[in-house]
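Each of the next two complexes has chain A plus one more chain, namely chain B in the first and chain C in the second.
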Partner chain A sequence: MVVRPRRHPLVPLTLLLSVLLIAMFAQTPALTLFAFIGATLYLATAARSVLTMRSVIGYLILWVLVAVTNPLFSTGGATPIVFIGGRPYTREALLYGIHLGGMLISVLLWFRCETFLVAEENRFFLFGRIAPKSALLISSVLRFVPLLRRRAEAMRGAQTAVGVYDDPDWLHRTRSTMTTWSALTTWSLEHAIDAGAAMKARGYGLPGRTTYRTCHFTKTDAVCLTAILALDAVTIAALATGRLDISYYPEIITARAGLLGRCGIAAFAVLTLLPFFSFLKEDLRWCYYRSKM
Partner chain B sequence: MNRRWLTFLLFFAMIPAVAVGGALIFRERHYAWISLCVAVLTCLPIVYDFEQRETGSAELMVLSVLTSLSVAGRFLFAWLPGFKPVTAITVITAIWLGAEPGFIVGSLTALLSNFYFGQGPWTPFQMFSWGLIGGLAGLLARPLRKHKVLLCLYGVFAGVFYSLIMDLWSTFWMGEGFSLARYLTYATAAIPTTIEYAVSNVIFLLALTGPIGDKLDRIRVKYGLFRETENEDPAD
Partner chain C sequence: MLLSVENVTFRYPKAASDALRGVFLSVSDGQWAVLCGLSGCGKSTLLRLIKRELAPFGQMSGLILFDGKTACKTALSKGSGNRPLPDSGSQDAASEENDTVLSDRDAATGIGIVLQDPESQIVTDEVWHELAFGLENLGLPSDTIRRRVAEMASFFGIESWYHRKTYELSGGQKQLLNLASALVMNPRLLLLDEPTAQLDPIAATEFRNVLTRINRDLGVTILMAEHRLEDVLPLADRIFLMDSGSIASAGTPAEVAQYLYAHSHPMAEALPAATRVYFAITGRSAGSGETTPAGDTAMPFTVRDGRALLTKHARESDIFRKPRSEGAPISGEIALEARDLRFRYAKQSPDVLSGATISLHAGEHYCLLGGNGSGKTTLLSLLAGLTKPYAGSIRLFNRKMTSFGPGELYRNNLALLPQQPRDVFVEKTIREDLQNAFRRMENEPAMQQLCERLRITDILDSHPYDVSGGELQKAALAKVLASRPKVLLLDEPTKGIDVRGKHELAGLLDELREEGLAVLSVTHDAEWAAEHADRCGLLFDGEVISEGLPGTFFADNAFYTTAANRMARGIIDGAITVGDVIDSCCRTCDDTAEVSL
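Take a look at the complex of A and B:
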């Protein structure tokens, strides 16, 4: 069972966006490492079904691929390991490749976390207030896609039952798919006109309409949001002042982190581990309630 | 100058501002950052304009049906990667209903189909490229509608354009900075996929432009939809 924190969607979205942006663009191995650990811990506990053996292997292959190919394109390092076709394959470029691969993987893992951090019904809630038409488009498309598939299957079933288009010939089958597609278009466009008329009849677009809301911004949400933004500010300050800089070429040189740099890393670590801890808290509470029953 | 143009200018002024600001913080990764900014900030003014203008409920529903058809098309041909009717439906929408609906259908298809196929840092780039393919087709609506040859050429162009943009994404995200050698390697490795994109675009455009185009034209004339975005008489 997936336990979702009962926060206003603004809170997990802000967390997600800030972790993603920092993990995507900051060039610091420590930050990449924490982004990776945070996502892995959360996915392994809250969303056990996501990290299947197959997906883990896929991510590892991608990581190795990025790491190994990087020195083939950049020869900036000072310590060659081997020479391939007269070009040096350097240690620095390989390490940089490992870092880049880790960065890509942790970003991909955080995208997977999104599904579990933000409840589906709330995903477009915020969006709906800023861009109501786009939000309506998105939610209606999400409803239409399964509907269209069902309609297409119904039409194909009917055609097969009547005995039309049962020729196994490749060209014939493609043509029958096209016919189904064309009929599906007609059917769905007519339905769209009807749906539009029905919406108009129910007062869509008139002023003074209220929307159904499932989330309310509470004081706890405000505290959480402020905390996330404060942590962001510390990390970004450390990044902007160059305390977390690392340069790989010609030799690996890291900037002196100092107090600000260490605080920046610590703040980002807290940020990335927040989903895991909040899940742990909910999980413990759930176990505690259950054990009392 | 009216408010609409002012907003456009504001958004386009934002692109360099945000890009440079971010590049100062994320020094080494500025290529990836700037490209992401351009992709996102190009979509914003069009979405903003779409939100501001009067769009009837029927028009919204037609757009969402077209997007669903193109998302479902990505499903229908999921076993053949690269062979997708998405570009064709986007282009057909654009040339019959206008540039803005084309952009919206193209970019929304990228966003929404990725809920099924996997979201990632590539999503804004797909939205950007499919949106632009739609928007450009809308601007070239008249010649594309008249000449089948031009439509096919546009299909080829769209396939190559999409492939090149996505190779750019790979270059920025799977390597350091921008290296021409890396870009050329990715682009060369992607040549079979690029050809597949181009061929599938042409096939789908030729197969779908008749049936879907006629239907769109019919509902446009019959129900008086998309009058604002498309004023010319399709009969000419």
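Take a look at the complex of A and C:
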């Protein structure tokens, strides 16, 4: 099933890049928190398939791991909780680890959101405009990988059935595996030549290539884009003026946020919640239409 | 003339002889022409020279004209120096061809091509993008691209898989996609190189139906290379028979069929069943002096016309022998026995095999037939021990397969020849691969003997990708046989192989079976199974549902049977091969006659 997003792909892409960049480079727990909340809410509603029990547990383990191990590597911080092998395990380092883990997970979650916010074909469209050759390359690589996997499987099966892998001598077995891989490489090269010829046969290389996909940039798109950039500007201003600074070592010192700082946090909160709200809006609208049917 | 090939000679670099020798060929607008001939006769080379983006390297002389313009660049660059002059043999065109060279754009759009392997021609990862690819290259505006892609998608009925990934498609769908992607560029000439060789019969029929529509409804000219004539002969307007690099005969299907019969050409066996029976009947009634059959009835190409011929013949000469005396079933030692096999790919997915039971006697050739996706290949991979069933048992010579230790099962016991014989080869030359296989068995002296028996000694030093499908299959068979198996499993052994190759393969299997080898072939090829199997079975819905001697098996089936059986049904009972039909018809006229066709 293909959901064709109604916004021009530039809009969700700008949103994504802003959130990712700010979440990665800002050292503010408040911003990280909102990045986390925004992504989780969106995934939990719009893309329930991603948040399986298994992946949630995985993310939590990652978070705890980063948080707990950070003090082992970083001994800065003035308040030791315990000494491990003569090295202090400090409160500040632990808190920084919690922040670091949260940030890492937020970024990962936003990357998962990206799949749903920007449909693949649209990503291709955007990329195709900037670098058409690379876009085509990516498309052919995406085609080639499953092909290679299938070939590798077929070849392994064929080799097993002629008995190369059940040799009692492990050295022999290893060598056979390597030979199979090298044969697979030969096949890949052969395939590349064929694919190149097939492309040429259909006119690849003629001057003035165009693309199939067109997206129209509407007035609503312009409004959305401006709003996103404005929210960005507020948060970046707050960051740039140091209102959201925090330093962990040796002791945790936060800067006085003031009005600009609070506005910056609020603006970022709105930014991160935008995908969730827009999904909610669409969902409600759909329910409304359905009730009328 | 839309396409004319004038006196083209071509030689691959370092080759000892010419691949094409003075080929003349012309196809006019709207025709459906078929280029037929045995594997390696130069069909593909000629098609690739016509589609100049795919032209192989080598020395070419002569002229290829598309729509009155020089189409082949090889002629220009490989002529003499940089002068765009074809070699001798086309002086009349040489004077003015500077202004009559086909442009790159016209070459790309005017001539479309679909090759044998569906996989190797797909460029992008999604169906819609594959369709748009050629038009994007031409630099057409997006709106035009979308319109033409939309048109083509609905013409081919591919809306339902328009957004699918290309690697998820079935072989038939992939080949249809290749055809649609070539056609979306509005070509005037469509070149097809054995396009249905890798497809199962149902997908192949569907593909041919689409081709008929393209030819009839859109007026696209078709030039198709093919070595199986059963299904294309009734559709074609003109046939070119190629024989070792030159055109041996050209004309209407009837004329070329006549030529094949008169010269006892090996390709005569690839003619439709109806045509072969026609020659046998009319050729005999015309007397021994005259080789050409009496031309009072039109030559039949289809099962329908063949039935009419047989009915008429039955009225005139009323004695028909019951043709096939079925031999007793082979009842030797049971070599391989599988009971109640169940298999599925994932826990939630449905059963691919749900209680398949099959047994194979020593010295027997068992052919397992079945539709696409019926689990034939899966069953083979279970029987070969490559995958494990979740229920059921497999016994090899009355010993549980699971009890075979490492280094036991694939030595002196069991071997599998996969669908793609190239998967068997991993070295730079076939010789190295075979040597390794025989060295593993400490049986190197046997290699030379086996290679001579398979007649592959002269290709031993070639790279596995450089030899023809039939040769590669024989080489793969040699490698598989190196382990001296007692049970041989074959996956689609006749796929993409010409008549001569099929016969050679069957003869070889017969020889090996006399030494006690048990052979299980999984195949779509009903004709081959009818002729060469001792026993046949049909895999359907995860089970082997009907099993029997070929005579009963095919005579009982209405659809999954041979063309000869469909033709003779109700007229000659129990005839399942062309040989059977001819046999029973001609016994009436001449008892001692030896049937050659």
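As a working rule, the second predicted complex is superposed on the first by the 217 of 293 C-alpha atoms of A that agree within 3 Å, B and C clash if a C-alpha of one lies under 4 Å from a C-alpha of the other, contacts with A are read in each partner's own complex, and residues count from 1 in each chain.
The rule we apply is simple: contacts are C-beta pairs under 8 Å (C-beta built on N, C-alpha and C of every residue); 3 or more make two chains touch, one makes a residue touch a chain.
Nothing here was measured: the structure is a model prediction, and the numbers come from that model.
Engineer: Contacts for A:Val66 in the overlay, against chain B (first) and chain C (second): which applies, first, second, both or neither?
Structural biologist: The first partner, chain B, only.
Engineer: Quick one: is A:Lys133 in contact with chain B, with chain C, with both, or with neither? Answer first, second, both or neither.
Structural biologist: first
Engineer: Identify the partner contact of A:Gln159: answer first if only chain B is touched, second if only chain C is, both if each is, neither if none is.
Structural biologist: In the superposition, A:Gln159 touches chain C alone.
Engineer: Where does A:Pro168 make contact in the superposed view: on chain B (first), on chain C (second), on both, or on neither?
Structural biologist: second
Engineer: Look at A:Leu229 in the shared chain and tell me whether it touches chain B only, chain C only, both, or neither; answer first, second, both or neither.
Structural biologist: In the superposition, A:Leu229 touches no partner, neither chain B nor chain C.
Engineer: Classify the contacts of A:Lys200 with the two partner chains as first (chain B alone), second (chain C alone), both, or neither.
Structural biologist: A:Lys200: touches chain B and chain C.
Engineer: Mind working out whether A:Arg209 is in touch with chain B, chain C, both or neither, as first, second, both or neither?
Structural biologist: In the superposed model, A:Arg209 contacts chain C only, not chain B.
Engineer: After lining up the shared chain so the two structures overlap, which partner does A:Leu100 touch, if you call chain B first and chain C second: first, second, both or neither?
Structural biologist: first
Engineer: Considering only the contact definition stated at the top, list the common interface residues of chain A for chain B and chain C.
Structural biologist: The answer is residues 136, 140, 142, 147, 182, 186, 191, 195, 197, 199-200, 204-205 of chain A.
Engineer: Within the complex, which stretch of chain A touches chain B?
Structural biologist: Per the stated touch rule, the residues are 24-27, 66, 69-70, 73-74, 96, 100, 104, 107-108, 111, 114, 131-134, 136-138, 140-142, 144-145, 147-149, 152, 177-178, 181-182, 184-186, 188-189, 191-193, 195-197, 199-200, 204-205, 236, 239-240, 242, 245, 247.
Engineer: For the complex, give me every residue of chain B touching chain A.
Structural biologist: On the chain B side, the touching residues are 22, 24-29, 32-33, 36, 47, 50-51, 55-65, 67-69, 71-72, 75-76, 104, 108, 111-112, 115-116, 118-121, 173-176, 179, 181-182, 185, 207-208, 211-212, 215-216, 219, 223.
Engineer: Over in the complex, which chain C residues touch chain A? Could you list them?
Structural biologist: By the definition above, chain C touches chain A via 51, 53-54, 104-105, 108-109, 113, 115, 117, 119-126, 128-129, 132-143, 145-146, 149, 163, 165-167, 181-182, 185, 381, 384-386, 406-411, 414-416, 418, 420, 422-427, 437, 440, 465, 479-480, 482-483.
Engineer: Spell out the residues on chain A that touch chain C in their complex, using ranges where they run on.
Structural biologist: Within the complex, chain A touches chain C at residues 2, 121, 124, 136, 139-140, 142-143, 146-147, 150-151, 154-155, 157-164, 166-168, 179-180, 182-183, 186-187, 190-191, 194-195, 197-214.
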